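So that you can tell them apart, the chains are marked A, B, C and D in the order they are listed, and the count of residues begins at 1 in each.
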Amino acid sequence: MFKRILIANRGEIAVRVIRACRELGIEAVAVFSEADRGALHVREADLAIPIGPAPAAESYLRIERVIEAAKQAGAEAVHPGYGFLAENATFARAVTDAGLVFIGPSANAMEKMGDKVEARKLMQAAGVPVTPGSPDTLETPEQVREYARKLGLPVLLKAAGGGGGKGMRLIEREEEIADAVRRVVSEATASFGDGRFYLEKFVRRPRHIEVQIFADSDGRTVHLGERECSIQRRHQKLVEESPSPFVTERMRERMGEIAVRAARAVNYVGAGTIEFLADADRNFYFMEMNTRIQVEHPVTEMVTGFDLVKAQIEVAAGRPLPFTQEQIVQRGWAIECRVYAEDPLHDFVAAPGRVTLLRAPEGPGVRHDCGIYGGGEISSFYDALLSKLIVWGKDRPEAIARMRRALGEFSVAGTLATNLSFHRWLMDNQRFIEGDFDTHFLQQEYRPLDGSPASSADHSLDDPARLAAMLAAAWSAQYVSGAVGSADATTPRKPSAWKMAGRIEALKS
Amino acid sequence: MRCFVSLDGTERELLVERLGNRGLRLTFDGQSFEASVLNVAAGEYSVLVGNQSFDFLIVRAGSELTVSSRGRLNRLAFFTGRPAAASPTAGHASGRVEVRAMMPGRVVEVTASVGQHVERGQGVVVIEAMKMENEVKAPKAGTIAKVEVTAGQTVEKGDLLVVVE
Amino acid sequence: MFKRILIANRGEIAVRVIRACRELGIEAVAVFSEADRGALHVREADLAIPIGPAPAAESYLRIERVIEAAKQAGAEAVHPGYGFLAENATFARAVTDAGLVFIGPSANAMEKMGDKVEARKLMQAAGVPVTPGSPDTLETPEQVREYARKLGLPVLLKAAGGGGGKGMRLIEREEEIADAVRRVVSEATASFGDGRFYLEKFVRRPRHIEVQIFADSDGRTVHLGERECSIQRRHQKLVEESPSPFVTERMRERMGEIAVRAARAVNYVGAGTIEFLADADRNFYFMEMNTRIQVEHPVTEMVTGFDLVKAQIEVAAGRPLPFTQEQIVQRGWAIECRVYAEDPLHDFVAAPGRVTLLRAPEGPGVRHDCGIYGGGEISSFYDALLSKLIVWGKDRPEAIARMRRALGEFSVAGTLATNLSFHRWLMDNQRFIEGDFDTHFLQQEYRPLDGSPASSADHSLDDPARLAAMLAAAWSAQYVSGAVGSADATTPRKPSAWKMAGRIEALKS
Amino acid sequence: MRCFVSLDGTERELLVERLGNRGLRLTFDGQSFEASVLNVAAGEYSVLVGNQSFDFLIVRAGSELTVSSRGRLNRLAFFTGRPAAASPTAGHASGRVEVRAMMPGRVVEVTASVGQHVERGQGVVVIEAMKMENEVKAPKAGTIAKVEVTAGQTVEKGDLLVVVE
């Protein structure tokens, strides 16, 4: 086993990997930018190496600097986390070339899955269902029109080098084709340096369901069941769960088998995820493979009981998979809420700032994977993910009730905003409770300012909660006059011109 | 003391008095309420109104107090000395409105130009922060009177972006 | 289901019950003494009612005041937690007489199990093995001698009304009998108002293993496996785990069956625990039944996946047991460390005080059931239990590694002391790791000041950890002079007479 | 600055200097060490010594600083202005020793009487606190010169219990 691992990441995932290292008796090396000297992953690590200025391009994304840090620290292996360099084949190769172990799949497998069009072809050859679409990349709007007619509108125009919802356009009418092509090419060129595009049939009422797979270097490949990830905004996942309320036992088995087949097709090693799109009839299609640990891996950990990050490290060290397919049994239900520094009342706009006070939920069935602390500053340079709140319950209703309870214990106060009120809203939403949702759910259902106190007439101060808040504020601001120790002073001694103006941003819960 | 609380446009006069070490009495509209208030830790307050228990985190930033509760209220902002300032992207504003950056970041695109008519809610500037592109929207319908930023520029929270008249 | 429940307790168990109420949609009513206005259970509750001065006898133990509070708050049921009035049959009766539901067994079952001698007789009649001993209470030292000879020395002289290690004396030689009788009678009279005593054979290398049972009002009775509770000091449990590393599958089945038989013998309803003493040959004997939820119930929750406090409430509301015997399957391994305000370096002496800063562990497999907060005061009026740290792992080695990791994240700073260093010591102890321990383990093995830095020569300041601590202290005390912004100022500007004298209380870890 | 650190009886002279905003240099025995120290939150400090990362909670109570680490050190107490005071129950004390209550509580029993000879570690007083009976032990062998408490009495932390000579 390794003695020392460098974690080429920051935030909650870096802390997550540090914890895995600790439990394996491995020393964890953090890297940090100038903005992150006081970040949690630096505080938690055994060793910490500065790697450059605040912008990620000048620090966390600098391959040679990260490898230099690994050598300087005497690390034997590098864990990339997710994001940053995690799916960068050049980085994986550079790590290997430097004589270090890359904790992840081969650069080759990454590259095969990184090109969406090549991956589709490979998957089709391996017998993995893909969405009907153009067999290859297209060149002109005319070709797009031709295939759009074959497939039937609506269709999705997608960048071949894309992923994560970028470089993608829905085409509902033929007139939109020219503009869609122009915008996809421009976005894709800017974002991935690759302007190629292809066409896919648009799946109606799509659910995003993915399967966690795991493989060791001897070719043992297993799946760990599915995750439901349809609660999204702008193609970004907000809430995930395992199992999926939509997936039947038969569908689970088929998805698992097919996911294992997909992984084997690229000789995959380590933790990976096969993302599927499922339609209302429970047909499912390969979307893409994520060749890294996912943000939402904890829900799988909680229902299977296996620590996937520790398993990544074990497999990278050449050990066999620590679980067989037979040992993997889903038990109960897990839900994850991603806590972002963003304002759910104003279109989820980014809302960085200082975390002055933080109170996190605890108790039965609650897991908190956190990347921040009270007193810390949330920088606008990086991803807005602050922490992940994960709960486990014996069934879905218990998991939802527990998440509601845990969210009720969660407070983040400071100059930042968080999306906690969105999660509270979701846990009370009837469609979510019934499991009746697809990837368009949020767009259709979430109307945060409708019916909230801010726009209703329910503003009376005789609501004890509002009264209590006001009194606590008055006390804290020392705006309270009157006779200390005397209950009889009904006349204020010191009339004050203090004005309190309340803007109540409460949702119904 | 007497204080004036304005909640969504309605101003009320309140009387807040101390009762002993931990007690407060609040009077408004002829009704009185008593409560026990305890500062249990830095920024943390426990309040009992009758038998009902509430717990708040209070953070002060400038003249604004933000009260977060783990119960029914999500966030309650108090401003001292001035009436509530509407958030730049919320509400029906009228007259000349300055649209300011709600976060630090990099201006990716300016989608409005001087003299252009914009609808309420129409995007005017795109700011990249936290790896997301955040669209800043016009708080009211009107004409763009000024554009103060250009694409590529870095802005701080509160920096003036455009003026809508 | 109930709409509102009063919790006749404080500390972590009151918070635990509040969480169960929340998840069931029930309002939780706290009661508090004058010392507890700012206690965590008051802050977390929906309603809170003052019940008297700080001493428990004048507040938490005042039956009529607690019932009055329940009526005042409109509660329909009362959860007693553990300790205080939890096993007081008079209280259970008074609650029922007041038209409220007591969340626990009948007063009758409590009384039958409360009298140790009667319980032994009852258990023997039901076919439950009990330690060989006198068939009834004894009256004179002569009778003690007679039975001691029959049983063979050593023997235990025990108070009939006792429990929790009080009113108990080991007799190794006949000369000790007279003194033992005198002391047990005096202690038992003072503590329980009941001077009766009896004799039991002393079990060598005893392990304390208990079985969680649960029954509903229709007589369905199940067991939820065992807990190993042999890590004790002065008969107080410090660390518990489930399963027990000592128990074989066959023994588990037999213990479970016998525990269910014991519960049925008193028509038990709700959560209860049958405590057994096991000898080195895996014979086991009924010790006593605890007719309440136990401090250590979380380890059972984590391996079975069932929420026992919610189940208590459901069963008290007349619902059937939420699990059948077949559904109860132990998965993985859970360990609990009880965090006490006591000084493990000085004979575990009570060490109350203020908690200035608190940082609790989080992340995978970690559960923290906490009764305190940073800024809170730990009163000397009540039990020293601050919180419980519980971890789950797929097997015992993973659970131990995880506990070690979690303890490494746990900091409590202030004027109090905690026993965290003891737990760190234990997780590194070879005998504990091998599962080779009995109830005498702590007394035999724990030598906190041997080999610790305080008594070794390992005091050099070139240990970076010590150096770092000193520098942080110097920085925080603002005792650092010198040129800000200049790295060249090797001569101090302001010589200081500050003296730092370090007393290092570190254990080896 | 120069400071004197006494660790378990050995006194050393140290030189602590500031380097820039976050840096410190410590010199002793002719060796120098540099570190980056950051006060990340109230009472919380992050220290990098070379590449090694440490994290401390520091609490001040009177003249004593307590440094808790999540790493190797459990607890480290610093005293300013005076040498380390031994805890009342620890170590080999000599001369006249005042035995004080280490916690608030109720005296259950006084097991020593004036003039009695006690061995080191022998119980002298039993105090009930936190539902436990805590035995206060003689820090050295000697004769009981004074007994200042009686059974049933309530004591505060630091109250004088007995004197051993």
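The rule is short, and it goes like this: a residue touches a chain if its C-beta (ideal position, glycine included) is under 8 Å from a C-beta of that chain, and two chains touch if they have at least 3 such contacts.
The shown structure was predicted, so the numbers you read here are calculated from the model rather than taken from an experiment.
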Can you give the shortest number of steps from subunit B to subunit C, where adjacent chains in the path must touch? 1
Between A-B and A-D, more C-beta pairs in contact link A-B
Mind checking the centre-to-centre distance between subunit A and subunit C? Centres are C-alpha means, answer in whole Å. 38
When the centre of a chain is set as the mean of its C-alpha atoms, what distance in Å lies between subunit A and subunit D? 47
Find the geometric centre of each of subunit A and subunit B from their Cα atoms only, then give the gap between the two centres in Å, rounded to an integer. 28
Spell out, as numbers or ranges, the residues of subunit B touching 2 or more other chains. 42, 44, 52
Touching two or more other chains in subunit C are residues 44, 408-409
Applying the document's contact rule, which stretches of subunit A touch subunit C when the two form their complex? 15-16, 19, 22-25, 44, 298, 301, 305-307, 331-332, 360, 362-370, 394, 398, 401-402, 404-405, 408-409
Which of the residues in subunit D end up touching subunit A in this complex? 22, 36, 38, 40-42, 44, 46, 48, 51-53, 55
Complex contacts: residues of subunit A adjacent to subunit D: 29-30, 37-38, 42-49, 72-73, 373-376
Over in the complex, which subunit A residues touch subunit B? Could you list them? 341-343, 346-347, 349-353, 356-357, 359, 380-384, 408-415, 420-421, 424, 454, 459, 461-462, 464-477, 479-487, 489-490, 492, 494-507, 509
Can you name the residues of subunit D that touch subunit C in the complex? 1-8, 10, 12, 14-21, 23-24, 26, 28, 31, 33, 35, 37, 39, 42-45, 47, 49-50, 52, 54, 56-61, 65-84, 87, 89-90, 102-105, 129-132, 134-135, 137, 157
